[in-house]
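Common to both upcoming complexes is chain A, partnered first by chain B, then by chain C.
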Partner chain A sequence: MNSIPFISKRALVPGFIILILLILLAAAPSYSSAYFVILMGDVFMYIILTVSWTIFSGPTGYISLATAAFFGIGVYASAVAGNEFPLLVVIGLGGLASFGIALLVGFLTLRLKGIYFAIFTFGLVTLIETFLRWWELNISHTIGRVVVYVDNTTVYYVMFIILVVLMLTAFIIRHSRFGLALQSIGEHEEAAAHIGINVTVVKTIAFAISAFFMGAAGAVMATRWTYIEPSIAFNPLYSFIPVLMAIFGGMGQLYGPVIGATIFTYLKEKLITEIPELYMVIFGVVMVIAILYLPDGLVGIVQKLWTRIRGGKRAHT
Partner chain B sequence: MLVTFLDVVIGGLLLGGIFALIAVGLSLQYGVARVLNIAHGEFILLGAMSTWWLHTVHGVNPLVSLAITGPATFIIGFLIHRTLFQRLRSTSASTGAFEGRSMLAAFGLLFIIQNVVILIWGADIKSYSYYAFPVNLGGAVFGANRLVIFGFAVAIGLIFYLFLARTRQGKAIRAAAQDTATAGLMGINIKWVLALCFGFGAMMAGLAGSLLSMTISLNSAMGLKYTIIAVIVVVLGGMGSIPGSFIGGFILGLVGSIVSYYLDSLLQLAAYYGLFMILLLVRPAGILGKK
Partner chain C sequence: MRILDGKGVTKYFGGLAAVDDVDFHVDQGEVVGLIGPNGAGKTTLFNLISATYAPKPGIIRFKDTNITHKKPYQICRMGIARTFQIVKIFANLPVIENVRVGAFFGESISVSSATATKESLELLEYVGLSEVANTPARDLTLANQKRLEVARALATKPELLLLDELMAGLNQTEVAEAMQLITSIRDKGITIVMIEHVMKAIMNVCDRIIVLHHGKKIAEGTPQEITHSEKVIEVYLGEDHAGSE
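Let's turn to the complex of A and B:
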């Protein structure tokens, strides 16, 4: 970490805030209600999905809709291996399974440009789901699986740990040569290839790293659902919600997706409990509005305001 | 044995006709307006549900309802493009950025339309029977309604092909498809033409939905499957080519028919997708594609 020149005096204040936040969150289950712990488990999960989506899709501009696939692979890994192994091993297995499949898929498909890649990754979700359902109906003759139950506090802490590891990973990637390579691919892929970046390898690895965390989150979440089947594990919403949360929060800064995911999960929770029949319509409307009017997300708006207040001196921070 | 083979092949072609119609619509929306309309299937859902509603509640003949659902979905599509996608187009830095943003906005539309349909007509499965008597085709037996919808799908595709090839508006659309910016410089009202294309695309989906409702049972989640099929057919046949869409539609229909007969109908979508994967990796411009 010492080699990273970014940790300077300017990072002291945000660093301090993050430290206090971490301590508060780590101690939260001991002083807050059970509802809060469950809700925060959800919030952490969506932050993990959103931030890991942003690791790959943010800098490169490739819209991946495979989040639900990697999440679902994690869920299934947990269902299959949950009885025999301890939770942490299961999470590792879920993450690695997603990582492996992402490597394979990424290597095959990251040659595809823009929109085709998005469709392809989305098709992956449907493909795995229908295949699993067919498999369960015809080969294994079991529909659905029961997952080992883990109590909410453990889910909270495990999600929390995954989240911290993810944030560190995302931070390091952002400030490394690897992150710069990703960014240059997003800006001009051919130019990036010409200056000696192996674009396929860089993209594939970033894709697989993001898939690892999605799979890990899925493996944890499965334990809370206790019963799963293909349509639950591979719900296509898990592909779209992280995209929406990332756009809503803004991808320019690392904390953008975190803020987007936190606000949105809370809103989603409220909407589902208060007006479930309108929830999806509102979801769609917010998605359209966010894409139309918030190209840089909430963070972008705050930054614009900030620049205006400071008189435009720090326009490029 | 021969009869079952005939069954499968004719069944596949009949299925392919409707796939082609759906794909022509998407091909217009993506090929010309550059909007990969993931909500395409939702217009099929709208067409199908309103035809079901008109038929079972108001006693309107499903074929007559085409005259209602077609214009209605056209207007909805036209207005959506004029308001939503036009704004996205003018605020996006590049075509690539516009394609990404418009695809995500279309996902938003998908959720809105699908759930508005649920709010209006409920989430239960619906079906009705129309023109369902059997017809014998050289030993293979099909419902008459399947032949009717095939005929209509091909006729609509043909009419639209002639419209594009022979009329002034059609020429404007073809010019916009080749080079939007230059077409604008030549005096074509681009905003109008693009909205027209999007509207026609939505209309094709609406008409296809009305036709489909005669033969399948409808549920609110059916849209996405047809969107995926349309995308695959468009990639298969090459962007912006109506004959290509029909060839792609027939191929996909045959594959679907063969897979569901010899393997399992659950694997249909997986088979389409497998075909799509191979195609994208081997020949991304499609069978009749130019580049």
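Let's turn to the complex of A and C:
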């Protein structure tokens, strides 16, 4: 059990669906509207933030609100390095900068538990934003920065590639002993430590891996905004929305956060453009309903139905 | 040969000495019972050995290595495994995964996935949980959860096993089975220290008993000696028990 089911029969159908989906998405810019390409760039970004958040917070149960911090670090890395280096290098730099800061912060703070960890990680967003604002006012004497423009199709493809790499990473972690260690930490951290898991190192590495992808997404997104400043780059909504999307989709399966982020981003886009005055209200209501009635998210419902169907079948044979 | 050796081991919680200047040792291959009234410092002593806390002051040696300031995961990889008074299983993971975690991480050397699975299955067979291997651990009975903790601890390939009230909350039959399990683990060559309130088990299984009271070691000896020690009878066993054994 738990070996990676690359060729098993059970993986054949989902594997086929994923393959078709990948081909459709890879070809999408050539047959779809400009609007679709821009929207999908957004969708990809939110999936990346949500799935990378789930890599760490899903199994361990540590609620991180530092997503906006790592995203913002990527945004700023892109603004600073964008003029001198090609896009892929810039993305790598954004990811690595976030990775490095997450390692440092993780080592210092992952002894905090529960609400204390959540509050600290949120504080990190404000801390970095405030520091950059101070820097711009007193040292560099600039307000914000201009980012090299990259066209929407390129943004689409780059986000797509990051997303594919992220999904592979998340899949491998989930089925590896590293993932098992993360789960044990979430189940019972003290017991995990006493059966030989170096909990600090495991948590910190997972935290840093998730930060890498957040930073990479930020680095790409910055190119679309062309002008950024601290409050844009470190918008706290980027910390909260991925959490909501993950809860909405359900974290039990890898595709849960993907579905959650996709539906949520689409809904967000539709509501902002069509009924902007009610956007936040409807958003909030959906969220409350999801938390009250969908403890395992959308995926939870699907699985429940699935077991009912399968259970029914089995009863007849 | 001494496998475990503590000198002047002390631990304060605020102003209270939970463990107070205790010297102790465990010889290779023996089963040592650790008894004492509630709050005597037994579990704290386990926590000091397994590095949940560091003694201050005091020194603990394992096979002649000073382990006083090691981390819990290092202690485990060196060969000391433990179970918990209140079970700390990975409730939402299948039973077999609980054991596999121990097999993967409990040793310094890297273990292949196939080996870990094989060893875990063998251990489940050994403790009698083969049939529930794929059940989420939360669905097991208390007795089986305790067996699972033992299997998980054994998966780390310990030389010394610390059992914290393995029999608390078990019925007569389950206690008898647990005693068999302990004897069988000892026969594998694993040294055991056990905290226990079930006197029948302690008296039958242990080679030697250490008695703690208010954090201090008040007596030490064979079950025979302990049951006849005036001091122990006074603080712990009660006169009825002394008469009946």
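As a convention for this text, the second predicted complex is superposed on the first by the 304 of 317 C-alpha atoms of A that agree within 3 Å, B and C clash if a C-alpha of one lies under 4 Å from a C-alpha of the other, contacts with A are read in each partner's own complex, and residues count from 1 in each chain.
Everything that follows uses one rule, which is that contacts are C-beta pairs under 8 Å (C-beta built on N, C-alpha and C of every residue); 3 or more make two chains touch, one makes a residue touch a chain.
Quick caveat: nothing in here was measured; it's all calculated off a predicted structure.
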Which of the two partners, first being chain B and second being chain C, lies in contact with A:V220: first, second, both, or neither? neither
Between chain B (first) and chain C (second), which, if any, makes contact with A:T126: first, second, both or neither? first
Of chain C and chain B, partner touching more chain A residues: B
Does the superposition put A:I241 against chain B (first), chain C (second), both, or neither? neither
Report for A:N198: first if it touches chain B alone, second if chain C alone, otherwise both or neither. second
Contacts from chain A onto chain C in the complex sit at residues 1-3, 177, 180-181, 183-184, 187-188, 190-199
The residues of chain B that touch chain A in their complex are 36, 84, 87-88, 91, 96, 99-101, 103-105, 107-112, 114-116, 118-119, 224, 228, 231, 235, 264, 266-267, 269-270, 273-274, 276-277, 280-281, 284
In their shared complex, chain B is touched by residues of chain A numbered 61, 63, 108-109, 111-112, 114-116, 118-120, 123, 126-127, 130-131, 133-134, 137-138, 236, 240, 243-244, 247, 277-278, 280-281, 283-288, 291-292, 295
Footprint of chain A on chain C - complex, ascending: 50, 52, 71-73, 75-77, 81-82, 84, 88-93, 96-97, 100-102, 104-107, 113, 116-117, 134, 152-153, 155-156
